[in-house]
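Chain lettering (A, B, C and D) follows the sequence in which the chains are written, and residue indices restart at 1 in each chain.
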């Protein structure tokens, strides 16, 4: 994931996009892309949604939107100096205390 | 990241949450959490947004929402069988052709 | 609806909130509130979602989030000088041409 | 606004779209469209965002997305039986108590 973050940083720097990549703009872009992923599913029944990867066109769209969401999440994290894997690991630790494993 | 995906899968399985973790529901939850991350920034000027990590309360909130976004993204990917790192790597390859590096 | 737009404008002016109510911030806030409305439904089956107004707590939450979405939509429209009813009327006109009524 | 709600209901009924217009789907669609409105602003500086209506192309896009957001908000309200104007009026009443007018 670090290698992908570096590729994204280099990509944006080579095209002089850094002035646009502020934390606020990247948080907005992340939310917009998450909406585009949801758009694929908005009119589907639960059964149709579960079969979304069986159609090559939909499968490509899903992979494309997943990539966009992850790209903006990583670029957001770079912009604010957050390690997303460490943040998630700590959150799971907290959730294990908050929602105890049923016996 | 694979280890975190497995922890999330085990966490949900132990609490019998899998029936809720359909692709459609997880795409909705991802979008909702991306909105919660954006909420932190919505009234900030660009300058205030750039300084968001200097306040310990805001910094904790940012890390917490990043964790939630990544958690739902990974769980979504598990539910549809997509490898998010491969999807992003392929997308960057495509974007390098689409937006040529200026000379 | 004009009367509500005026109440919202007066409310914000009396509290000196206008500097925050830029088109970009209001578009972000609208998206955040739409996410909060979706959050109510994210884990519900279609059947549970259809019955959401039968629970007084959920019904209050739905009305509250509808109000927030409409409030930010109206304030956004004030900030950019768009008449939302005229915009929707024109859009329905266009859609009637785009998706002809089946005979 | 009631007349627009009725046009939307007739439009959907004539095209047999009602089975898709569940509260959960409409809440998702509302959130997706709010994201599309935000997309127009995501890379703009506050100054550029304030001037968005001066460009005819952007102005048309803004009006189009406002129409989509309002259309799904009204259809959502129809699906759950909520009067959006009454909901907003009550919310402003509550906010006037919660955030007292400064003297």
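We adopt the following convention: contacts are C-beta pairs under 8 Å (C-beta built on N, C-alpha and C of every residue); 3 or more make two chains touch, one makes a residue touch a chain.
None of these values were measured; they are calculated from a predicted model.
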item: B-D against C-D, pair bridged by the larger set of C-beta contacts; value: C-D
item: Centroid spacing, where centroids are CA-atom means, of subunit B and subunit D in whole angstrom; value: 25
item: Distance between chain centroids, defined by C-alpha means - subunit C, subunit D (Å); value: 4
item: Where subunit B touches two or more other chains at once, by residue number; value: 28, 31-32, 34-35, 38, 41, 46
item: Chain contact topology (line, ring, star, complete or other); value: complete
item: Residue ranges of subunit B in contact with subunit A within the complex; value: 1, 4, 7-8, 11, 14-16, 22-24, 27-28, 30-31, 33-35, 37-38, 40-41, 44, 46, 49-50, 52-53, 62-64, 66-71, 73-74, 76-77, 80-82, 84-85, 87-92, 95-96, 99, 101-102
item: Touching residues on subunit B, where the partner in the complex is subunit C; value: 20, 25, 28-29, 31-32, 34-36, 38-39, 41-43
item: Subunit A-touching residues of subunit C, taken from the complex the two chains share; value: 28, 31-32, 35, 45-46
